[in-house]
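Letters are used for the chains, namely A, B, C and D, taken in the order the chains are written, and counting of residues starts over at 1 for each.
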Amino acid sequence: MSIRRIAITTGGGDAPGLNAVIRAVVLSALNRGWECLGIRDGYNGLLQPEEYAAGGLVHLDRESVRGITHLGGTILGTTNRGNPLHYPVKDEAGNVQEVDRSDELVAAVKAQGIDAVVSVGGDGSMAIAHALVQKGLRIVGVPKTIDNDLNGTVITFGFDTAVSFATECLDRLHSTAQAHRRVMVVEVMGRYAGWIALNAGVSGTADAILIPEIPYDIHKVVKKIRERERLGLYFSIVVVAEGAHPAGGQRMVVSKQAGQAERLGGIGYRVAAELQELTSRETRAVVLGHLLRGGTPTTFDRLIALRFGAAAVRALDEGCGGCMVALDPPTVRYVPLEEATKRMKSVPLDCDTILTARDLGISFGD
Amino acid sequence: MSIRRIAITTGGGDAPGLNAVIRAVVLSALNRGWECLGIRDGYNGLLQPEEYAAGGLVHLDRESVRGITHLGGTILGTTNRGNPLHYPVKDEAGNVQEVDRSDELVAAVKAQGIDAVVSVGGDGSMAIAHALVQKGLRIVGVPKTIDNDLNGTVITFGFDTAVSFATECLDRLHSTAQAHRRVMVVEVMGRYAGWIALNAGVSGTADAILIPEIPYDIHKVVKKIRERERLGLYFSIVVVAEGAHPAGGQRMVVSKQAGQAERLGGIGYRVAAELQELTSRETRAVVLGHLLRGGTPTTFDRLIALRFGAAAVRALDEGCGGCMVALDPPTVRYVPLEEATKRMKSVPLDCDTILTARDLGISFGD
Amino acid sequence: MSIRRIAITTGGGDAPGLNAVIRAVVLSALNRGWECLGIRDGYNGLLQPEEYAAGGLVHLDRESVRGITHLGGTILGTTNRGNPLHYPVKDEAGNVQEVDRSDELVAAVKAQGIDAVVSVGGDGSMAIAHALVQKGLRIVGVPKTIDNDLNGTVITFGFDTAVSFATECLDRLHSTAQAHRRVMVVEVMGRYAGWIALNAGVSGTADAILIPEIPYDIHKVVKKIRERERLGLYFSIVVVAEGAHPAGGQRMVVSKQAGQAERLGGIGYRVAAELQELTSRETRAVVLGHLLRGGTPTTFDRLIALRFGAAAVRALDEGCGGCMVALDPPTVRYVPLEEATKRMKSVPLDCDTILTARDLGISFGD
Amino acid sequence: MSIRRIAITTGGGDAPGLNAVIRAVVLSALNRGWECLGIRDGYNGLLQPEEYAAGGLVHLDRESVRGITHLGGTILGTTNRGNPLHYPVKDEAGNVQEVDRSDELVAAVKAQGIDAVVSVGGDGSMAIAHALVQKGLRIVGVPKTIDNDLNGTVITFGFDTAVSFATECLDRLHSTAQAHRRVMVVEVMGRYAGWIALNAGVSGTADAILIPEIPYDIHKVVKKIRERERLGLYFSIVVVAEGAHPAGGQRMVVSKQAGQAERLGGIGYRVAAELQELTSRETRAVVLGHLLRGGTPTTFDRLIALRFGAAAVRALDEGCGGCMVALDPPTVRYVPLEEATKRMKSVPLDCDTILTARDLGISFGD
């Protein structure tokens, strides 16, 4: 079926590079003589068009994507709304129920004369895309994840920006840790996979890195801090992924205070409290969380985002109807949408970056 | 008295530009044929020389200051040790007592043949310098403060770096706040003065800025967030100085949870908890604190630091014995050391940056 | 006369911060209940409105200035067009004549119901503004100069961005100069004043700085390079302002090749050619010129630009009709427009940055 | 043969990340109980040890590699000296002859008790390493190329930094080109391969990209500029790799002036001169060359450099004696040294980045 009109949707969380993808999709489509629409707020623009004074679809021309390659966020609005499989609806009692509105969505896409959709998002968005493809839509996915835990692609846009900024923060904390003789515990994103913690920790010369893939023993981290003190280095940097956890279960907490710190501030606060208690050294927790998700993409992420956007349109042009673009350096290829959703991509314990960290003397608390 | 040998000490907290000051002092001294020593760890190198295998003084030659202009931290070690007026000493029972060791310090300086000292630090360091000058030392102060609250100088090094990084963080949070429809509360340094919050908030287009100089009413901040929602802007950025406080006293807390949040995470967490309760909008707190103190100085701070270091040596060469160098743009001048210590420099309520913020529609919660 | 409608124009060359000024002017005006128009392409939108499909004036509302604080360039189009005092007009023979169209411009402003104009630009724009004020317009000027050579203001936006980027380039060239044992000659902007060369040269640890204010003797620069070689430093960095010139006149060229290099590539190429001949050391010229003028403003420049924009509207609101806003740190004040045009602000030979450079051992070739 | 002592050498040109490699090699070796030496100035420290007051070899311990991960250049001195296969020697008449001193070098390595060498460098260094392996040395190569033209590895350190900085420069030039209605021609490194031009041109939204792999027709570039003018876009950015050349041979020059411009300033100046003549639009050339080679590595390059350094030591530990580490994302593997030297890695004409550029409407002048 030849294509005349496509639509693009951005879903999941914010990630640097979304606008670059949009720009590449729009220009690649227009240069093929296709029309290109943007769906506002995930799929919400199609499901609740009456919410939008100017309509839930935006006509995207060259002018609308000029100068947006390096802008953070997405020109299509919010990203975490309008999940058609679990659409929140208030019942008469005012309680929110989740409703499957995917059939409505499929009908709306067809009613608008949209021949194909480019869906940019994480594993959630890819799962939705997969479900919609089953119902007859033609969709190409563009993978997006800050955490790098999306399966099927070696890497995707947003991750390099997050790692780069986390590394810059570690650089900043180094001089202060040294000048004040402190232990700095830095929590970064990564609920299921420790990629950001690992890559930023190695680049930013952390002394210990705690990741979900390697349950830690806090006493091993203390040992590392003590070793450094014996070398005259009275400061240490510990990077903690938000999904890190102690070996032996969460209850193995050093003290009531540490447990309380975790409930209120997250694992970073817990590790800081434990290290302060066990080392008697001044310890501070810094939570980078929200800072890693937004902002201007690095050049690396800009380029991947542009390549992915163009590849998505090329995939449609070549007749693909239910695939995801993926990076298999140096090239971009297409993989089945299920590839992205069947499992998380966690850090292999024998990957060379883990080996590098160990060679450099960095502790994983194991 | 002609000078043959000077010493340099860095005190207080870490600040970007310390190494640039050191480099300028060393080269300016050497080019006059003077010798230059560095005192390790504040004044500690002179007070506890036996702690240091290689001695508590470092001979600083051209080689030791090559390539350090842009490095964060200080090559002289830790900054917050060795206050001679309140030196911590353990008594027999193991309790720590603070002892005045200033006479010892004066004697040690003279015993080392040190004709003059350049002391780089904040108001605490300037007060120590003033006391030592009374006891016969010749000292020129170089002002250092991240917070810009040091009196006697229009600005000093470290502040521009802190404001620039805080602004970059606001830029990053903007796209995420918008994409997720959140209120982001960003706490920055500034216990007694709101300079960082004000300058970063204006540069980074915050919607509200809460500073110690203007006690806030949380309901005014809520009003601002509501106004934005009426314009279709479902996100807001609130910048909070760590010393901000509500009008009417600290007890005017919205709820028990908000009070608890403050005790554990600081004022930023309190404001976030209050705004979440009062607006029902998803709200997140980000504490930049430790990130603002370290790292590579901006070019602006590098230049001021170099100018200050050179001016300190020039002041000594011109016979000055108890002054502080200060920036009175476009020039550097010398002010009495007392100038720096007699009061905090807070934000004047009618200064043009406050007026600018109000013209731009930014709320101060008043 | 009370104000209901103002217009804003950006003139001269590109400078980082123009959009921040526009944003502050627009919001400050709207928040006073005024209307705000943008004139396209300098004054051209008023003089040749027929050139513009959508009209030569743009209605500026909140939406049009959202998210532009950190964008380079100007949303009002080109900056170097439409000088009303010397407007280029083709005569019948096709030759371009410059015509005074200032009366037409004054009439057009009045016909559009524009009560006052904010003119952002350099000394040329301030001279035009001054002439238009004489003819009855109400204008507040906002100074703009990359080179920092505009009189009447201690500093203005754009300069910090230029110095910062030039310093970053010097940092980059350092490692390569050292690794390859080269002399690197770096030409920066500054036809009449050496501010960029001086500030970047000191911040970026140049070995020699050549500026218009201090005619240089190339043999003194060679002497500096030789001194460094004796210390085992087989590389040097020489920063040259584009307006630098040798003592004794331009004809004092070392060789025919050096003269030719200057005619084709500018003074940087000449100095490089001369140094290569005189030192036999591999020498390279790098011309930063165009790179210093554009791009994202530093936080420092963003803030000054916003403060200037707001102050310009405040000046109008206070009844001012022919002044320029100016920075006299820490405050913004108003100065007569003539202040900006009566002379260039060159580097005083005894200013403390020059003294700092000499203290650091940097040669000015004198 | 078990290893007790290794040496490291850095050769070729400067590249961001050399110090990170050194740090990873040193720590990985020390943590295995090996000793690690640095050879000064390529192999020169072994060939002319008498040139060095402190000897041509440096003992590298933990202290010597602390804090160098992000520093540009190499702590081992200059990189382009001491090629043992073509060592420059002055004969009696003072003429420089190139002499094969590889046997001497092999003897010197053995005399120093060095069991293996890590050689960091480009294709030249890998060819030397290969020759030395034939003569009995045990060497692992670490690939280094700014241009990304080294075969056998998908990418290596230095390239991301070069592309990122070039992209930043394009961003800066954009606003100025637009504000002044100019054509900007930006020459980047890439004598044999167009990787930097391609990646920076796509990321930085160039309008045309000229690379060695695609001979260009200047009239096709003019056509692109004209198309933009018809859309109301009176400015264009053209990126030119230094090895770009016109189809039909170098003599197909538009005018004598363009030919002269090329001889003096390189291909960028030629293209600028031709475009100015053919379009009558103000055109400027900017040569980024030397700026792309030095400075602080990006986080991406830091990490690859650290991974490569650690992998080189691991390779030695595993018994490898004549291989090069290489990136085959997501992993590092070992390839034969010959792999790196048998051919240049040029841009495949059907790679997805070329397709992306074409999809975005970027012209290659073909």
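The rule is short, and it goes like this: contacts are C-beta pairs under 8 Å (C-beta built on N, C-alpha and C of every residue); 3 or more make two chains touch, one makes a residue touch a chain.
Only a predicted model underlies this, so the values are computations on that prediction, with no experimental measurement involved.
Q: Specify the chain most distant from subunit C by Cα centroid.
A: A
Q: Using the average of all C-alpha atoms in each chain as its centre, how far is it in Å between subunit A and subunit C?
A: 41
Q: State, to the nearest whole Å, the distance from the C-alpha centre of subunit A to the C-alpha centre of subunit B.
A: One centre to the other, that is 34 Å.
Q: In whole angstrom, what separates the CA-based centres of subunit A and subunit D?
A: So the centre of subunit A lies 32 Å away from the centre of subunit D.
Q: Could you list which residues of subunit C touch at least two other chains?
A: 71, 168, 171
Q: Select the category (line, ring, star, complete, other) that matches the graph of chains linked by touching.
A: ring
Q: Subunit D touches which residues of subunit C in the complex?
A: Checking each residue of subunit C against subunit D gives 13-14, 16, 71-74, 77-80, 165, 168-169, 171-181, 184, 234, 261, 264-265, 284, 286-287, 289-291, 293-296.
Q: In the complex of these two chains, what residues of subunit B are touching subunit C?
A: Listed in rising order, the residues are 24, 27-28, 31, 62, 69-70, 154-155, 160, 163-164, 167-168, 171, 199-200, 202-203, 205, 231, 298-300, 302-303, 306-307, 310-311, 313-314, 329-332, 351-353, 355-356, 359-361.
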